[in-house]
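Worksheet for the structure shown next.
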Amino acid sequence: MGAEFVQLSLTPILIGVLAAIACALPGNFLVLRRQALIGDAISHVVLPGIVVAFLMTGAIAAVPMLLGAAGAALVAVGLIEAIRRLGKIEPGAAMGVVFTALFAAGVLMLERTDTSAVHLDVEHALMGNLESLIWFSADGWASLVDPAALAELPPELGRMAITCAIVAVLTLIFWRPLKLSTFDEGFARTLGLPVALIGLGLVATAALAAVAAFDAVGSIIVIAMFICPPAAARMLTNRLGRQVGLSALIAAGSAIVGYVAAGYGPIWLGGGDSVSAAGMIAAISGLVLAAAARFGPCRHRLGAGAEAV
Amino acid sequence: MSVADITPALSVQGLTVSYGQKPAVFDVSAAFRPRAMTAIIGPNGAGKSTMLKAALGVVPRLSGEVRVFGQPLSEARARIAYVPQRASVDWDFPTNVRDVVLMGLYRKVGLLGRITGAHRRLADECLARVGIEGFAGRQIGQLSGGQQQRVFLARALAQEADLYLLDEPFAGVDAATERAIIEVLKGLKAEGKAVVAVHHDLSTVGAYFDDVLLLNVRRIAAGPVEAAFTAESLQATYGGRLAGAHIDQLGLRSA
Amino acid sequence: MSPVLEALLLQAGYNAALVAIGAALLGFAAGAAGSFLFLRKRALVSDALAHATLPGIALAFMIMVALGGEGRALAGLMAGAAVSAALGLLAVEWLASRTRLPEDAAIGAVLSSLFGLGVVLLTVIQTMERGRQAGLESFLLGSTAGMLRVDAVVIGLGGAAAVLAVWLLRRPMTLVAFDPGFAAASGLSVRRTDLAMMAIVLLVTVTGLKLVGLILIVALLIIPAVTARFWTERAGGVMWIAAGIGGVSGYVGAAISASAPALPTGPIIVLVATGLFAASLLLAPARGVAAAVVRQRRFQRRVHLRQGLLALGKGEPIHDALSLRLLRAEGLIRADRVATQAGREAAEEVARDERRWAVARQVHQDGGLTGRYDGLTPITEVFAPDQVAAFDREMS
């Protein structure tokens, strides 16, 4: 664990951890609201968003692409809501229509555009490029206090740290309204809480996390982190505060273990090259969920519906 | 002082609520007295719960006006407490009994205000009033139906409101809970509060309530129980669905 | 002849024709199977199923290579995909029934972790000697370019088998989708029908992998069914209309895609279906948006007019602005809010209707008819003239 680790693995791990936490926090409320798959939908429509941004600017630049992705996420959420209400279609099906249609449009646009000169394809959007976010100028732990080296940290780290901080602060500030309107929407309305706005804010926060994360780590991690850590934490405790805390821990743990397993696992097993870190992190979070679902102390349903099982 | 001089705790004017193209409540006007308990009764699908929810702004209304103690709803929210139907929430939600009661304090503590010992004591007092003070730390899913109903009532008590609106508080609860709830509601009345409850059991209307509103999409009859809760008005409300024999059992006098 | 027309008429080569026919059959079966999922409110289960195919494809490739084969045989890859998708489906059902997780979270969890595993295996394959040209990535988005003839035949056969299965199961499927309680009461096993249905969904999914890819196959299962819902209220209707929409989308999409380069089959098929969906959402006669807007406006005016007339009849003041405007526009009140002759007559008619309803609801025994009272429907629409006359006699 020396200079090489700091240079090659430290920043990807940190970025992975921050992305995982940023997605897991809103994921808790999405899971409780039966909106878990909104995260799935959002991360699919990121592709058309970045393609449109690329077509408009003609370059691969972080800011326009993030804006494009965010715009696409909002368009998708608006369309889902419109189809659900106007067509009286159940939310799952409405989601299925919107994200597949937008994703198909994204793929078609990509095929019709000459992107051979730039690094823009579906696989990149899915899997990200976590392994490539290395800290070139670092030459050991001492670089952590070297301003010159710190100035050359990959920009994704800063972006992800800010996003994660924003998401965490929003979660803390709006904790009570979120909890109240998630548990008992009708009661929340009688208190005068803007229930619809709270729901929209939650989805917008999730979209922010998804959009910031996909660039660094790809969509797979985003979908997995929205759902697996909160779902696993749900089976470990019956208190919301503890659940959210545990989900952040599980998310961070999955990111670390997944990255290390992908990078070093094949070598330990005597193989050669490393495997996809994004895929491994998602798979590890699934394993944690499977363990929680099998052994978690609070894995069974309580209350109404518990008898039916 | 005549009845007309008292500002009603809740009044609705020309209230129409519709799900899709079928009005569930049509052109209903009614006023509910303070210092009284009012039952809203009517057959299934008569729009009782809908009326309550529309009066609270939980479901949108197509037309009509709602006033709470003479003020528009938006200015009087702090004076209203609401007990929804038990089945309207997911009882598997990760929270415990005291937390649910503390939700009733939201308007007082706001977004970031600290929950102090005083708040917790108030919550525990409210739980004591409904007789489940020993359950404060329980996960809500572990409670029986009657206990869940009491938690909702305790949350409403924590709101320290002047008008209590309850949606079927006695549905699916045990006899002990029903007694406990009615004692609390009568206590509220004695404190001068107004209580309005959607109610199902015709045989207890006389014993529990002062006033009654008979509803079946339209307002059929309203007023003090002894005047409005008659065989005629019941027949008009329930129509063919209520057998004459049932009405006879209620032992009502014929107006 | 234009290239699209050529392809539509199956003149664009043997493979293209086979693909178009296969896509049509696949779309047809996907529409029918998807409408079942949709009516059972489980549309997105197909998403989990589709993503869960990836580890199976990768493992099948590895096994075939280990056995000395080339590893790219479509039938073998499809078998692997089917096995892992079935395991994914079992995982979803286990999580949703044995733990407190709701089904949507179970779907998302299985989808993302198995897909992640699949991506890990793909990167393992890329390090294998044979793996570099495996082209398994094409299963993500589908690719018909350079497809072997045997692959086209497999897709055609898979589509035909799925259509046949749908045809054989059409009765239990519509029954269970429409009313599971009744289906169970009439001796049909809902569980077994569900399983058979999932098997068809599975067949459609693995058949569609090469054609539209695992990310977009979901669209073929969901979009036609949702589109069909706009045109009919009957479960059987939804199924056949969805099948038709799916078939047309598959055929037309494949033909357009074959007519020019850089028109990937999967996305084009999905976008054709999306076009049909958008048109239905806006224009369908009963459930479409345009019709609903007109209806809602008309309904609101009816409510306000009626409430105004009721107030007029009782001599109460009217405060509602819309009611006043409508009454004025219909010439029922004057500018000073006093009823005109026509207004008095209309108010009297509404009041009489209310009185008749009051009597009807008191004396008539059929709750199904009296239950249609909503304050708006004239009594003459519900009861026969002689019944109304009987109510009138009761009144006097």
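A, B and C are the chain letters, set down in written order, and residue numbers restart from 1 in every chain.
Here is the rule we go by: a residue touches a chain if its C-beta (ideal position, glycine included) is under 8 Å from a C-beta of that chain, and two chains touch if they have at least 3 such contacts.
Model, not experiment: these values are computed from the prediction.
> Going by average Cα coordinates, which chain is farthest removed from chain A?
Max centre-to-centre separation from chain A belongs to B.
> Point out which chain occupies the most central position, where each centre is the mean of Cα atoms.
If we average C-alpha coordinates per chain, C lands closest to the whole-structure average.
> Can you work out the whole-Å distance between the CA centroids of chain A and chain C?
Measuring from centre to centre gives 28 Å for this pair.
> Just the number, please: Cα centre separation of chain B and chain C in whole Å.
One centre to the other, that is 39 Å.
> With chain centres defined as C-alpha means, what is the inter-centre distance between chain A and chain B in Å?
42
> Can you list the residues of chain B that touch 2 or more other chains?
Each of 92 in chain B touches at least two other chains.
> Return the residues of chain C touching two or more other chains; collapse runs of consecutive numbers into ranges.
In chain C, the residues touching two or more other chains are 100.
> For chain A, jot down the residues that touch at least 2 other chains.
Counting only residues that touch two or more other chains, chain A contributes 234, 301-302.
> Would you tell me which residues of chain C are touching chain B in their complex?
100, 295-296, 299-300, 303-304, 306-307, 310-311, 319-320, 322-323, 354, 358, 361-367, 370-371, 373-376
> Which residues of chain A touch chain C in the complex?
Against chain C, chain A makes touches at 31, 34-37, 39-40, 44, 83, 86-90, 92-97, 100-101, 103-105, 107-108, 111-112, 122-123, 126-127, 220-221, 223-224, 226-228, 230-231, 234-235, 262, 266, 271-276, 278-283, 285-287, 289, 293, 296, 298-302, 309.
> Under the touch definition given earlier, write down the residues of chain A that touch chain B in their complex.
32, 173-174, 176-177, 179-180, 182-184, 186-187, 189-193, 234, 237-240, 242-243, 301-306
> What residues on chain B touch chain A, complex-wise?
Within the complex, chain B contacts chain A at residues 53, 56-58, 74, 77, 80, 82, 84, 87-96, 100, 103, 106-107, 109, 111-112, 139-143, 148, 155.
> Which stretch or stretches of chain B touch chain C in the complex?
Against chain C, the touching part of chain B is residues 13-14, 16, 18, 21-24, 26-27, 45, 62-63, 65, 92, 216-218, 235-236, 239-241.
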